[in-house]
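One chain, chain A, links the two complexes that follow: it is found with chain B in the first and with chain C in the second.
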Partner chain A sequence: MGYVAIKGGAQAIAASQRVCELLRARQAEGTPLATETIEHQLRLLHQRVLSEGGVYHPELASLAIKQAQGDSLEAAFILRAYRSTVPRLTETEVLDTRQMRITRRISSAFKDIPGGQVLGANTDYHLRLLRMELLNESEEQFQSITRDWFQSTTDLALDQIPDTFPKVLDALREQGLIAPSDPQRRGLDAFDITREPLIFPVPRSAALATMARGEQGALLSIAYSNMRGYGDIHPTIAELRVGFLPVMLPHPVTGRPMEVGEVEITECEVVAMYEGNGKADMPYFTLGYGACFGHNEVKAISMAILDRSLQIGMDQGPTNPSEDPEFVLLHVDGIDSMGFCTHYKMPHYVTFQSDMDRLRTTQGKMNGERS
Partner chain B sequence: MNEVDRECWLSALTRVPAQDLKTLVETFPSDWIIRPTAVPQVGLGMLKLRDSTMGEAFYLGEFPLSQCRVSVTTAEGLMAEGGALVMDDSAERVEYLALCDAVLAGRLPGWERVLDLVEMGVQLQLETELERKSILAQTRVDFSLLDADAGSDND
Partner chain C sequence: MSTENRFGFLDEYAKKEVRRTALKAVAIPGYQVPYSSREMPMGRGFGTGGLQLTLALIGAGDTLKVIDQGSDDSVNAVNLRQFIEMTCPGVNTTSSTEDADLIQSRHRIPEAPLREDQLLVLQVPYPDPLVVVEASEDKRKQMHGEGDYARLLVKLYEDIVQFDEITLSHRYPTRINHHYVIDPSPIPRWDVPKLNQSSALVLLGAGREKKIYAVPPYTDAEPLVFDDIPFRVEAFFDEHGERRACARCGCRSSFLDEYVDSSTAEPVYRCSDADWCNQQLLVGSQAGLDKEKSHA
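So, the complex of A and B:
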């Protein structure tokens, strides 16, 4: 495929941008969306953009959604473009999600888990019926929601609730059902996908980082292929948790660790089929891991399933698409895939002219042969 | 004063309204000599996480980060050094925070007002914690097995 530079159209391009603005502002008696409104009232869209943009910057993620008029791929692209203009100052030590300040925590493996299950905010048990009353929600009704919530919590013994919760996997590990932690793996350097290209084979840390900022729909689609039978993971969710992870860095003067802020993350650990070589090695459950910025449960679960399927592909060679690291990791990035897709809208006049010339030549030759 | 560790001051101060912080800093005497002891920077930090299944480290993504380190000398010759590192991209705010850190660490004039703001931040932090705990308390679930409870759903 070839490309050709074009010129002209500046006026129309500028006008096109104004049309986008016109459509954004055309609401009669409307007011511009505040970034804070987007962050709260379009919470899950906002968190999806945070996650796919790869930068935990709530305010700019809201701005990107506003600018992109709700297109999550465009918004993530804008956020990703922003990050490429800013210097990297440092990286954290390896943080442990046991320190998460939990707001939701469930297990589909056990009814009773240490610390208990907490539904938090989710729609798992909601009816998917339109709530018509929201069509005419008044400001007063809207504001009473928070007030009512806090009034209903005044009698709760909140100080009895712990700050952090133990991991379900730790209990399974103590029972000898999953393999002990491997010190060699713990010592591996993390692969930085923002600085190094993916040249296969890649380490697992590259796969985790790629999926962590992958596009939710793409991850779900490939994980779903595995769930439906193009694979053999059969996952059980040991634990799915949502919460806020304190980000720790050394104090500039004392050098001791301090909290510079917190990020909301979703984390999922799945237990898959057990594995052993049938000889001397003890069989253990195998595991998959998913984590991402924001509250994105479908993404974290899909990632955990794909992590496990990619482990199989890396160890034994892929037998289906979801086990193939190259197939999965090169097709789950929303910005890459959207960019490739939308580039087809750019002028391809010369290449298509060439296609037409070749077709006409071939047709001419065939007409000559027939006559 | 030192009930709140120095490493917790900044976390508390980032919770208070930006305008309150600015107003406080503007009350510091203008004849103080404030010098950066490291180049103030605004950029990104990379968050490294340990996967909890196999213990491998990987990069989850980036976050905004600003850092500043200053030395403060008062007209009376008192000196203190302060620093700030926060998940934010406002150069002005991180400078204010570094200054507050220095004032409180060196007990420079006005340190009590900084401490008041720290305590306000701690209180706001506590309110956030309580809000999250109220979510946990209200939505804690104890699923019963059908055969154990004959189909009742009164949890």
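So, the complex of A and C:
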């Protein structure tokens, strides 16, 4: 017979793995990528994978990127699968991002913000022209960059840089432009999306957690639909900050909170026009919040916009996709969506056979009618 | 990292959660029980829901069969089986339906009737049959609670009006224990009657959609139909109205896969269930031997 049903799957899989491994090492005279190289020279890819993988483990994130040969979805997926093997040991108290060690901080609401703006590392104002000199960058040139940096900045008055910066939102709150924070909500437990499935309606903390490890492109795409007119947020970035957030845990003996490490995060707070809900409530600016592991501003801003649009949807019922919690939250996870997309490559012989049966039966009935 | 040493890959809390969810699913036949569903090292949509059930339920000494499209040898079945063998030391694997304690399957229920001491785990891409008429899960949950399947019946009715036939092929909505309607996973219509009063427990796991549901043993499972329009399974008749036979084993009572013979360009039919096909060959050759003996 001319056709042989798929057999020898095990051999095919093994051979396919060997080819992938060959392609990874095909630069035969090259040196293997060091995980530190990925962490530093592919910094933003690395942080994207950390964020979507949902485990803050920089070394394993680098390994995942190396193993996935640079595919960010695949790398985040490997990291996420690793996560399933480790138990959740504890949870921290709510961490205060006022305590962040800032590397960048801007506001598009005010020119002068308390503590000042810190532009930091960002390409917004760079000209996106190819830097041809990097094509043949020598080790000497490469290594001189850090050397020169530290030599030229020795006279920088480090002690004049504050450890922490106040929040722009606090200033707005003091002026009575945004609602005072609700002390009752502070004590609420955060919804843990890794231990509970989303059953709608879900609390805001579940939405935030889902978006925090959501896929950047998916969040951007739905947030962009809102920006363009399928929605009506018109946000202003009160503050966008990037830096290192101390992680506090209670000391095992004294119970006092102590710093166990820090995570690099991006945090974005947007304000939007006040809502006229027709009630006698005091009108305020409304808030949207975004935060994720790593330096990823597009993701944090998209998330903040979606947080705002989802709150509108939760309060008043969704009128467009970006306000619909089910639409947004069930479609932004990269691991879920790429997995399901990929699965269409698996055999569907049985279901297709069944489809053909239905089609032939209905075709047969149609033909019978015509003759 | 201790992942190599942990039986069943998942941490113990995750396995415990899956077991408790499965118990609840058995207690409320057909109800989709939500669970947290961990990420597995294979893609969402490749059977991660079924895999989590298998990993949580299997123990050393158990015998496992994994099939995909009825075949033990198809790439995904091999992949899943290798992963389970790697992470569950002491588990035996088999391709024989009869020898298996636990069968994980995608798109098929074995042709051979299952027994009380066997467990069938089906991989599920879409757990909710109402998704074809209602996109919002929140609303669907309410419809299930109220046993409100009117819109689904209207959909079937519209099919009959338009095509004189219900066009749903696989994933045929099936009512369990006279209340909840389930999506029985993408099994063909052919396999749906096997769910009814099944001796074996059938557990259905949707990993991406984070749901587990069950058809408990000896429970009614009825495909959704109208009184005057009977449920029909796939027909395998040739142009003379004769039941087609498997080109390999000659069986005329199994679900057939259709191939095109590349040398003759003629369609060829073979059993979809690989183990069933092998059993029929054995029975056939035994019958042949007996025949020869009686002639001698």
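Assume the second predicted complex is superposed on the first by the 355 of 371 C-alpha atoms of A that agree within 3 Å, B and C clash if a C-alpha of one lies under 4 Å from a C-alpha of the other, contacts with A are read in each partner's own complex, and residues count from 1 in each chain.
Following the convention adopted for this analysis, a residue touches a chain if its C-beta (ideal position, glycine included) is under 8 Å from a C-beta of that chain, and two chains touch if they have at least 3 such contacts.
Bear in mind the structure is a predicted one, so any value in this text is a computation, not a measurement.
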| item | value |
| --- | --- |
| Greater chain A contact set [chain C / chain B] | B |
| Touching partner for A:Q117 - first (chain B), second (chain C), both, neither | first |
| First (chain B), second (chain C), both or neither touched by A:R83 | both |
| First, second, both or neither for A:V350, with chain B first and chain C second | second |
| Partner chain(s) touched by A:E91 [first = chain B, second = chain C, both, neither] | first |
| Chain B versus chain C as contact partner of A:E259, first or second or both or neither | first |
| Chain B versus chain C as contact partner of A:A291, first or second or both or neither | first |
| Chain B/chain C common contact set on chain A | 83, 86-88, 193-194 |
| Chain A contact footprint on chain B (complex, rising order) | 6-8, 10-11, 14, 38, 41-65, 67-69, 81-89, 98, 101, 105, 129-145 |
| Chain C residues within the chain A interface of the complex | 1-3, 6, 9-14, 17, 34-46, 48, 68-71, 73-79, 82, 106-108, 125, 135-138, 141, 163-165, 167-171, 186-190, 208, 210-211, 234-235, 247, 255-264, 268, 270, 272 |
| Footprint of chain C on chain A - complex, ascending | 1-3, 5-10, 12-13, 77-78, 80-88, 193-201, 326, 330, 335-344, 346-351, 353-358, 361-362, 365-366 |
| Of all residues in chain A, those that touch chain B in their complex | 51, 54-57, 60, 83, 86-98, 101-104, 106, 111-112, 116-121, 149-150, 152-153, 156-158, 161, 163, 167, 169, 181-182, 185-186, 188-194, 204-206, 208-209, 212-213, 243-245, 247, 249-254, 256-263, 265, 267, 269, 287-289, 291-293, 307 |
